[in-house]
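Look at the two complexes coming up: chain A is in both, with chain B in one and chain C in the other.
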Partner chain A sequence: MTRPFLSRAIGAFVLVSLAACRPSGNGPAGPGTEPPETCAPTTEAPAPEPLHWRRHAAFVTDVHAALALDATTGCRELDRTPCGDVHLVALGGNDVFGAGQYEPVARPLATTPLVVDRFVLGACSNRVTLDAEATPVVFGMLDLAASTVSRDDARATASELFRRLLRRDATNEELAEIAELAEETNARDFAVAACFAIGTTSEAVLY
Partner chain B sequence: MPSPPKPARRFARLVATPLALAFVPSLAFARPVAPSVLCDTWPEAADCRGRVVGCETCHTSTWPAAWNDFGFAVGMAFPGGIEDDADFAAGLPTALAAVARRDSDGDGVDDYDELLVGTSPGDEDDVWLWCAPTEREALDAPVRRGFDFRAALNRASILYCGRSATYEELAALDAQPTDAARHQTLHAAVDECLASTWWRDEGLPRLADPRIRPISSVGASSTVGIVIGDYDWDYRLWSYVLTQDRDARELLRADYHVDRAADGSLVRVEGTIPTSATRGPQPLEPERRAGMITTQWFFAINTMFSPLPRTTAAQAYRAYLGMDVSKEEGIVTVPGEPLDVDDKGVRDAQCAGCHATLDPLSYAFAYYEGIQGASLPSLGNSGRFNPARPEREIPGWTDPQAFLFGEPVESVVEWADVAVESDAFARNLANLFFRHALEREPTVPERTAFDALVTSLAEDGFSANRLIHRVVDLDAFGGLTP
Partner chain C sequence: MNRRSFLRHLATGAAAVSTASALSLLPFRSRAKAAPPPGRKFLFVISASGGGSILDSLLPVAASEVSTPARAATLLAFPDEAIAQPTGSAIRCVRNLRLGGTFSNDYDPADFVAAHFRDLAVVTVENTSVNHVVAQKRAITGAGIDGGRTIMEAVAMRHGDGLLLPNVNLASGGYLEPGDAPVPDRVRGEVVTRPELFASATHGYRGIPRAPSASVIERARSARRNLDAISPLASRPSALRDRYLELRDELAPGLESADLITKLMLLSESPDTPLSEFELAQSPDGPALAAQFPLLGVDRLQTQAAIAFLLVKHGVSCSVTFGPGFEPSFLPDGSILDTPIAFDFSHNDHVTTQNTMWSRIFEVADGLIRMLKTVEYDDGSTLWDASLIYVATDFGRSKERPAGSLTFGSGHHLNNGNVFVSPRLKGNRVFGGVDPETCLTYGFDGRTGEPRRDEVMREGHLYSLVAHALDVDFAGREDMSGLLR
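Now for the complex of A and B:
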């Protein structure tokens, strides 16, 4: 029987945790035989299901929804083509009509981290520009023309970004960490950096 | 029975192999009848419940034949000589009984027990040390204690809505007072996703890609002017059948087509579809239709110009029954086959193992045209039923009996009827949505839950939506290892 690597890894982990179940000197055991007496039910908490890749459709939609963007206002290559379309395969989608790729790649490619960075940075930069030029949608706590950012404004911005990009409330530690990005930085750069830092966490890419 | 130490087993094998080959020369062949005999002997084996044992159960290679530890042990346990398949089939049950309580691969679990739980008795790295199942703690919801409803809602939203659950949706879930209420909220969200346009027009079509295998350069929107079929019909039928609690068996039983209404919804249309300047026709008469495996595109892309459309039958077998003959899956040898009706040399020993299954699968498909014209608006006769086609392509055609799962079938429509009533169809459907949700095969301890998914299809009217709701309740969907 061939099984995916992941299943083997899970199997190996559970094998270790069930090591006490191996009958000692009583011969092999299985459902066709009585379970060995030494096989006590495990009391440890079960291992969690491994993390999954938030693939193309959900990743692109999530970033766009979080920053109130769409394919025309989000990240675009050469200002012509949506980054999500250009980097479809590296983001975990399958290019069925363009490349005859009928199934997506099983796991992230070597270029996936670069593309994630590219996509989020492009989206964050565009959102900051749009907010600076009109009524702000995401960065309303900041004066994007200011050369400095107060600690409170930085924390408020971080809190908003956590809710938008990771769909949860930030911890105090996380707020403090993001607020540090505001030191010696103008408001616009801070906005992009905070958005990028939160939007490219493993939590944003995996689930 | 305790296994001998590994070096001793290896040495014994080293010595015994040439002896076996010398004194039982006919052992040096792979035996395509073995999977079906094994399942007749031990129908309770995991791989016999819905699919046929693969050759890898015993073999490391079928041509030239080579065996793993289990296959070797079985071969050495044969009661007498083996002259032909009949001798082999008669002796195999006895040989299997002889090795049942052995641990051929030395991994700590009996061969029979490995087959029961679905691990390989010939691969020491493929093993599951078994313990009696523990009692499940009862909750006020049909999921196990520890089930992470937030994780499940997020997973469901990503899979079936194409986006993560929102902050507000997660907060609303958290606000529910009981697990029962959280469970209800989760499934209400799943219902909403399964009724969404994203699921119908993007999520489901991506699951169809490897089954439809579109090629845009020769599709209806070809930019090079060569059109062999319009696969949009295929995608629409797929999504139509797998939404709104429809019977998934319609995938292979539909005698209708599906069009898109002005509001984007999918609507059923009857009869043949005439050609137009922008899309391909569906010329096949309803009484010759069998859903996804009789569309014009399916015949054009799979049969193409083949006299005997083996590729067409193999793709139907692979896509809708989950068995890939090219990987030696689903081998059900038909006695006397392959006939080699098109003189391709498939009676040679290295071919016959698979073609004794594949060729009888293919005969019924020979009456449908492959590519017969390649441009809109007419597409010529592509995909049409033509009783004279086999004789035209294969002079001397004798109308050989077609088979599916060893059962005679008279037409592709009958082929499809047998297919949708098989365990393989149900298992393949359950596997499709299980793999989509968790990106892996079921593990050994999940096998019982997976079997329950398969058997639930009948009571749920083969509704893909109901199946997905059951997948959402699996331990792993809520972040737990079973």
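Now for the complex of A and C:
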């Protein structure tokens, strides 16, 4: 490669680079135009979103698995229709056949937190009822007919629920927070409240 | 209980309401007061999914208008007796042809025209896509004339301040899609696919079987907020989490305290939907809605129209979109109200499909308008005076048929027209026209409304018309002042 060719190539590269730095809207750069003073972008690219929405199928499956329930024993509107079916779209699913909705909504809807509450509350209430009526599956450390709950039983229940619903161990601070729900509450209400509080945290909905 | 069985029980409940007695109350009861703040405008988009042909509804060509019977026999032209023109109306329509068969619907479009011709405008258009989803999206974005936002989003931005759910969308396919322009999340469509049970989505715990008392749940919610504050996720900046917590801790209490779970409740008390057993109750508007929409709960379209009315009446929304989807509505006796895949069943049987589906569209539009007229709003007028119905559709259908055939399939065609209903428009007018020799529509001058055979109207004109009528301004809006009252 000859020296004149190299110098022309370097010159062209510099011009192209300068043109790429120019803010948009000032027209194309060319010979004779002044180079911009800085190449800083006019707007910063947003940071990548670190979390994902645990959408319908995953959310329903995870809650049911955590509480050993299924569509017939989990949350049902009016005790008749599975909440997961009724609130499919707000929970992040998409209704392909009914609405021709080929992609789910991009972000949670206004009603999403409320249907999350309904879904988890229905599931927790049903699990507690089932455990009170037969051999307990989730709430074995509580006497669900009792009018009070000891602090130790409350912490043990919270620990079990964190493992089941969030798949991790709770911190002492988190156990203390849930144990406070046991104050002036009977065992059944405490069980549902603890399950609901943990199962509807943002950590249960996002990952 | 499966979905159809559940809906059947809802129908039984709805039928239990004395239709006659509820109807008799309507003319005599004083107008209810609307909840939305004054000065708002309301948009209802009814999506005629699949390709609603204007030639088969409000811009028909009579066979006698074509130069020869032989040519008429090859075009989408109707026998003169199939076309109605109610007294006083400048707009004609194809009657309910009562073709019988599988699809049952008695509503006659001629009744719609007779009742609403003063507010009725037919606007010709030539769309830009014959792909359903693309065309549907363009029908609501004006093919991008407003930077890609949908007309529903634009109306929600203009009139939705302070409303809980400014933009609710119950439609399907491309009509359900969000716009392509960045807009605040609050004006994105709240997608609803089960209107009969949507009320339940507006409260986090009321009606949940075997749930503890409200005070216990509120304590649990308080604990949840504390858990979230110390969660491992709290240390990771996340717009998604911020948005979720904002919805949960700021918007949701408003939805709950508005008691929408009662105001929007379309179910009625019955052995199969024992609302009182779960401390729920039917909407106070339930009997009047059941009278206007007798198949409430069974007929998806009627149920959508009912919830659309309630959302606006109670000041929840300023834009509601609904329409038939892919699934037809079945009656408990097994008969079918809609053709499958709505207007697109025209591929199989054009005349039956178009006639059935247009009757369906006009039936629910009629019911919605009548309900809106019962509600006082803004200094003595009614909600209807501040409303506009845009019957959006994908495109038209092919204009020709096998010579003399009465049963045939049709294809997609760009050339068409749309139906608008609003007291804010110059009603009783066809803007543009149709050439009987080709069955192709032609355009008009938006500033004067006068027909222009050399003018081609596009989706952007339709979008601009809605925007203009509802006080929505944007750069590049077409001047449609000639169509405004």
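Operating definition for what follows: the second predicted complex is superposed on the first by the 158 of 207 C-alpha atoms of A that agree within 3 Å, B and C clash if a C-alpha of one lies under 4 Å from a C-alpha of the other, contacts with A are read in each partner's own complex, and residues count from 1 in each chain.
Everything below uses one rule, namely that contacts are C-beta pairs under 8 Å (C-beta built on N, C-alpha and C of every residue); 3 or more make two chains touch, one makes a residue touch a chain.
Keep in mind the model is a prediction, meaning the values are calculated, not measured.
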Contacts of A:V138 with chain B and chain C, given as first, second, both or neither: neither
Which of chain B and chain C A:A58 touches, first, second, both or neither: first
Partner chain in contact with A:S125 - chain B first, chain C second, else both or neither: second
First, second, both or neither for A:E49, with chain B first and chain C second: both
First, second, both or neither for A:V149, with chain B first and chain C second: neither
Of chain C and chain B, partner touching more chain A residues: C
Partner chain(s) touched by A:F97 [first = chain B, second = chain C, both, neither]: both
First (chain B), second (chain C), both or neither touched by A:L67: neither
Residues of chain A at both interfaces, chain B in one complex, chain C in the other: 46-47, 49, 52, 97-98, 100, 102, 106
Touching residues (chain side chain A, partner chain B) in the complex: 1-4, 6-8, 10-11, 14-15, 18, 21-23, 25, 27-33, 35, 39, 41-42, 45-49, 52, 54, 57-58, 61-62, 65, 94, 96-98, 100, 102-103, 106, 163-164, 167-168, 207
In the complex with chain C, residue positions of chain A that touch it: 46-47, 49-53, 75-81, 85-90, 95, 97-102, 105-115, 117-118, 121-122, 125-126, 128-129, 171, 173-174, 177-178, 180-181, 185, 188-189, 192-194, 196-198, 200-203, 205-206
Contacting residues of chain B [partner chain A, same complex]: 1-3, 47, 56, 103, 108-110, 112-114, 116-120, 123, 125-132, 134, 146, 151, 154-155, 158, 162-167, 170, 198, 202-203, 206, 209-210, 213-216, 219, 438-441, 443-445, 475-477, 479-482
Of all residues in chain C, those that touch chain A in their complex: 1, 3, 6, 49, 133, 164-165, 171-173, 176, 178, 185-186, 188, 190-194, 197, 200-205, 207-213, 216-217, 219-221, 223-224, 226-228, 230-233, 236-241, 243-245, 247-248, 251-252, 255-256, 267, 272-275, 278, 325-327
